[in-house]
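Encoded as structure tokens, here's the structure I'll be asking about.
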Amino acid sequence: MYSQRVKLSGHIIDSFTLPRTLDEIMDQGGDLEFEEMKVGKHKTDPSSAIIRITTEDEITLNRILDNIQEYGANILDEEEVVLKESQKDKTVPENFYSTTNYDTSIKFDGEWIPIENIEMDCVLTVDTENKKAMCKPLNNIKKGEKIVVGGQGVKVRPLERVRGKNIFEFMNSEASSEKPTQSIIHKVATQMLETKAKGGKVLVVGGPAVIHTGCSEVLASLIREGYVNKLYAGNALATHDIENALLGTSLGVNMDDGSLVVSGHKHHLMAINTINKAGSIKDAVEQGVLTKGIMYECVKNEVPYVLAGSIRDDGPLPDVITDSQIAQQKMREGLEDVDMVIMIATLLHSVATGNLMPARIKSVCVDMSPASVTKLSDRGSAQVISIVTDIGSFLPMLREELARLEE
Amino acid sequence: MYSQRVKLSGHIIDSFTLPRTLDEIMDQGGDLEFEEMKVGKHKTDPSSAIIRITTEDEITLNRILDNIQEYGANILDEEEVVLKESQKDKTVPENFYSTTNYDTSIKFDGEWIPIENIEMDCVLTVDTENKKAMCKPLNNIKKGEKIVVGGQGVKVRPLERVRGKNIFEFMNSEASSEKPTQSIIHKVATQMLETKAKGGKVLVVGGPAVIHTGCSEVLASLIREGYVNKLYAGNALATHDIENALLGTSLGVNMDDGSLVVSGHKHHLMAINTINKAGSIKDAVEQGVLTKGIMYECVKNEVPYVLAGSIRDDGPLPDVITDSQIAQQKMREGLEDVDMVIMIATLLHSVATGNLMPARIKSVCVDMSPASVTKLSDRGSAQVISIVTDIGSFLPMLREELARLEE
Amino acid sequence: MYSQRVKLSGHIIDSFTLPRTLDEIMDQGGDLEFEEMKVGKHKTDPSSAIIRITTEDEITLNRILDNIQEYGANILDEEEVVLKESQKDKTVPENFYSTTNYDTSIKFDGEWIPIENIEMDCVLTVDTENKKAMCKPLNNIKKGEKIVVGGQGVKVRPLERVRGKNIFEFMNSEASSEKPTQSIIHKVATQMLETKAKGGKVLVVGGPAVIHTGCSEVLASLIREGYVNKLYAGNALATHDIENALLGTSLGVNMDDGSLVVSGHKHHLMAINTINKAGSIKDAVEQGVLTKGIMYECVKNEVPYVLAGSIRDDGPLPDVITDSQIAQQKMREGLEDVDMVIMIATLLHSVATGNLMPARIKSVCVDMSPASVTKLSDRGSAQVISIVTDIGSFLPMLREELARLEE
Amino acid sequence: MYSQRVKLSGHIIDSFTLPRTLDEIMDQGGDLEFEEMKVGKHKTDPSSAIIRITTEDEITLNRILDNIQEYGANILDEEEVVLKESQKDKTVPENFYSTTNYDTSIKFDGEWIPIENIEMDCVLTVDTENKKAMCKPLNNIKKGEKIVVGGQGVKVRPLERVRGKNIFEFMNSEASSEKPTQSIIHKVATQMLETKAKGGKVLVVGGPAVIHTGCSEVLASLIREGYVNKLYAGNALATHDIENALLGTSLGVNMDDGSLVVSGHKHHLMAINTINKAGSIKDAVEQGVLTKGIMYECVKNEVPYVLAGSIRDDGPLPDVITDSQIAQQKMREGLEDVDMVIMIATLLHSVATGNLMPARIKSVCVDMSPASVTKLSDRGSAQVISIVTDIGSFLPMLREELARLEE
């Protein structure tokens, strides 16, 4: 018989850490015994439990330990991580440890080393000399790196559901369009102001619907006024924003009255052509060619942006990073100092950003389609708050609410 | 060979009357010859065409004539309608004429008699003594009534697409969430004010999402201020509006902050219980039990409402008409003096109202789901303008725009 | 200080009974102490816990007890239910107990009396003389009936998540179209055969899309072969089924090749006209007018059906029950001997049926739209399995799978 | 006054070429006069019209000519194209001609030169020495190239709606899930067999839902049996196909019974790791590591594939082209000999492929979400047939239908 003790601590009951752990053990056919169970009697008291797991074979035991670690159950008898060398670039040993996006640390050489910039679906490597542990995407692994295998010596601390005070709390449920819109916008605005007050950074990840729904100027003003400090988008948002700035249309639709404009179908190409002539978006701003809009404000206010290319791009604009791995790496690096993310109307860029983000970043996903926001949670970014609403009204109402709260 | 001349007139080209007619003739294997074709050279000039249709058999000819009449092609040699008696209540002769929702008149006894209150999927009956023609649902037909059969002697005038001036024009395209929201709301508000200025009536058809999204007070104020003059809804809208007025929740969700309220799942039953105790909604208002909200404003401002029951109702409230045929008839009668309809977040009531409406009524359907608004057009109410947006922001933004325009 | 002991038993950990209970207590600001906690070590062992709840005031204590009862936490010191008389037809005392759809019993006169035909959002009344307890919709209450108030003396047993064996288990998660379709259909077929083998009854609740997607004959054959034993639908399913049987079309679309048929827009009226002439669907079958299709097979095989009317009906057919409350009552009664429900492509009828059903009935909801199946769970019918798929392929594949399994 | 004569010919009435042209002229405030109008009396007879357009200023005239050319109205007095040199790489003169995806030719040096590989949203350049005209994306333009400006000398022939015979005809309408599924699948199968019989090539563009819905083996068999001759996809389809081949799961879900597999969340990384170790997909096949599935069959049957990278990729696999512009160019080249495209469950790759395709290619887009297929048409690929159905049943039913037809 194989056996191991694990400890759960924190808000293990209302965060479902405990029940999920017990569930997993029983699903795998393991036996369990409570050696200790302390339930916090008050809101602020954490609980803890020590459970002995017993199985008939080692494989099952390891499976269980591997899986319950994700819920925050950590092996009690603090053994060290097991490391194995990579035999070839971009490859890892079979039994590699695959990361979650929760705070993670490893026990190495007698110490708990926290992982910086944790990201899901990556692997952990250890610089044994400098006692540093890193989270890396598979394809960044070099031959000879020391890779964490199995779950031993890895401690994961899932996000705890905070009670009461958290303004985001109530929304952390399923996507639905049948919720009080104004009340939700109030909460997002409050969180933005809180982040700003702390000197934190807000990233907007946006799709072209921001422009199509007539909100180019609104997002531009949020950038100008310092509410938005970074921008991730694709060629389409930038192109239609510039089309709107230069020609007053988005995909050829007049933004003032929604009418189709003559020859409007080539307006986006005209926008790209203009920027190509200038050299880059920044050049166009400096030459006085581009004088308003989202991209203009980014340049003027030194708000960094990553424009990631895709196979459906026309052009693309010279500022677009066409290699998806380079763009991903830029996005990854840019996330390091971000405290809040607002994803608007783009499934591709939202899922991409969600994949790269540690769970600690407050994030909101706004889309018209419940399917889109659901997809984001399905892909593992469970901590993202979903708001199903019309972009064309969300952004103006958000700006108004911010102004109201700032008064 | 069988032959018949038809005449098309009006804006037959840009309204697609002409091409659809030619298309139909050719699809049925008929031959055609242009006897006359006048194309209006200016915007305001109508065009006209006289076409001779020839087929090999009479059935095909009749089929063609039957179908192209819907597009507005009328038989030139003005023959009279053919009438046949109903042999039994709720039944009509096999070859009955089935109505569209466009302006229709019939030639009887040498005169063109217009049909009042035209409605799609009905039959035409003629009171031969008083020379009156009526549009009736199948199940209202009594044995002995004289029913119009075939398409002969029936003239249909489809809605023409008005150029330029019509504020609704641009929106008359497919449902999409990627349109400039603020510009669309401006147009709806303008049309409402225009209707009000002419002394016309605006009907709102609403679903419970109006309340769930926190807009009870907004719609209540539109009623109070005279922008909304009638209301069609179901038990759910009324119940949750009253729940909100009495308890501050909708389906147990606190409308101030979106949180779930303790025991909230029984709030809607408490609302119904309260009204049942009072006797009716009106009684509850008069007894001072119900003091705000949509239903309260309807009672206070003598805005008529039809609450139609359905099989999913809890309760229902005493004011709900549980028989669907009686409710349908009330809705039909109520539409007679309506000039504009705004349908909000209810597929069932919107389709029902759409079915009963003549095409001349300006109508707008607002829903979060493109599928819902599309379904409405698929069911024959093609003239309805579709707006895909969040109810929770549409109503507040509409009220603001109305206020802005009234200044 | 106010205090009460509650007991939880069964699979309280993996069914989330325990954590939800603790959560609720803490959310309300109550204190708690574990007096006993037994965790079953093996899959089949139930667990139990006795918890003492302490609050500062009686209202909070009652709130907590009221809410945690829904999760299956029952007051330990078994007090009797409190009864209060209704003062007026269709009304109940303020503090009435509102039902869930889980197995429920009440303690009255020293005994636990189970409630038959439990249904959510109803009230409990007790026939004190005969010691019988009933679940009734609010509007069926008569003045003088004795109504259960508060949660005292009421015991609720939520459905437990069964481990391993249950064929439905894995699907009991969120609606998604990205699941292995063939594997899901296999499970539904297996459950149908199991139900049939036990002599149980399968109810189909269907919308007109069954016909529009070309599956009239498939559902007809399932009825003929005894796989489907009851049918709930509206006027539309029956009308289009009959249209299809008589004229080969559904809403005027040719079911053989999907083409639009000439004059097809009036086919559904022709179908209703034909049945009106015959007298009823049954009469039409007996007169040899209706010779195939779903409704034909219902008549021939004595499969009972409820056709519930709605305000969007044309006609309706003479067999349609136009009063929604009468239809609801028929549906309620018909559910008493049903063991499995398959809801197909109808939000209205599915939600209505879901509202009337005890949680114990195995139920499956099949729809193309994730929003529709989600709506069903949101409305409280959480135990319903959601399948997001195309009706037009679901039914043929289900029939094939049934045939394959029967071999 | 400015004036120009245009000629329309072909099926100008039922293809809406004529009415759209007249509409445009009038919308722009132009005057028009019919100089000639011949209407084909029989199905097979084309019609023609010569129209003189008069405007008050040259700009309006050019606008009109520019726009109606898209509908197929060509300037009668056959002037030559106007060419202007590009002043800088990736830029074109302001008044550049922007392409449609319809058959296009230009008049140069007295001759009509057809454009090969026409593609929408590109520009036309002329090699004046060799009298060759090419369609190029903006960013491929080199300084000094001669660019077509304005619409003069450009002739566009839109797709004509073919009457009767075309098996695709009926489906060419709006996306809806309420259509006879089996009949639609029959038509797609017939078109595939027709293409195969002519020696044509069928391209499948697929997303990962093909694997998630359990259809890996089905698509693999269609490749093996020669029904599918090319594949465009992303990293996800290939990764999950390989995950399925190696481990029997897709995103960690067991494809046999839909259950979640232990440690399944890292299966896709294990799949990528395995291929990285082998070197490439082809290497993995040759080394006997990968022995079944879609990618395996592509390698074995020499079916070319393009795997285009995106920013949300894990890995990616070594075969993935991470630069979106290089991938786009590969896709463009691969389309040259393709006759039919089936797009399955991928918005990104479908829109990308749609953008690159001439309108002549028969194409079908299959998706569960009506919004996705609608988006494709909105982006200009109007000729694509939309099928809203469940992937998990579409592919098995398609294979069965192909087998049935081949018998």
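Letters A, B, C and D name the chains as they come in the text, with residue numbers starting at 1 for each one.
Rule of thumb we're sticking to: a contact is a pair of C-beta atoms (placed from the backbone, for glycine too) under 8 Å apart; a residue touches a chain by one contact, two chains touch by 3 or more.
These numbers come from a predicted model, not from an experiment.
> C-D or A-C: which has the larger count of contacting C-beta pairs?
C-D
> Give the label of the chain whose average Cα location is farthest from that of chain B.
Ranked by distance of C-alpha centres from chain B, the top chain is A.
> Using mean CA coordinates as chain centres, what's the gap between chain C and chain D in Å?
Taking the mean C-alpha position of each chain, the two centres sit 45 Å apart.
> Please work out the Cα centroid separation of chain A and chain D, and write it as a whole number of Å.
33
> Roughly how far is chain A from chain C, centre to centre by C-alpha average, rounded to an integer in Å?
Going by mean C-alpha positions, chain A sits 38 Å from chain C.
> Could you pull out the residues of chain C that touch at least 2 other chains?
369, 371
> Where on chain D does chain C make contact in their complex?
Listed in rising order, the residues are 170-171, 177-184, 187, 209, 212-214, 253, 255-260, 368-369, 388-394, 396-397.
> Which of the residues in chain B come into contact with chain D in the complex?
Against chain D, the touching part of chain B is residues 13-14, 16, 18-19, 22-23, 26-27, 29, 31-34, 37, 39, 41-43, 163-164, 174, 176, 370-371, 374, 378.
> Going by the contact rule set out above, which residues of chain C touch chain B in the complex?
Touching chain B: residues 28, 63, 66-67, 87-88, 90-92, 94, 96, 98, 121, 123, 137-139, 262-263, 265-266, 268-270, 272-273, 276-277, 308-316, 318, 322-328, 331, 347-349, 351-352, 355, 369, 371, 380 of chain C.
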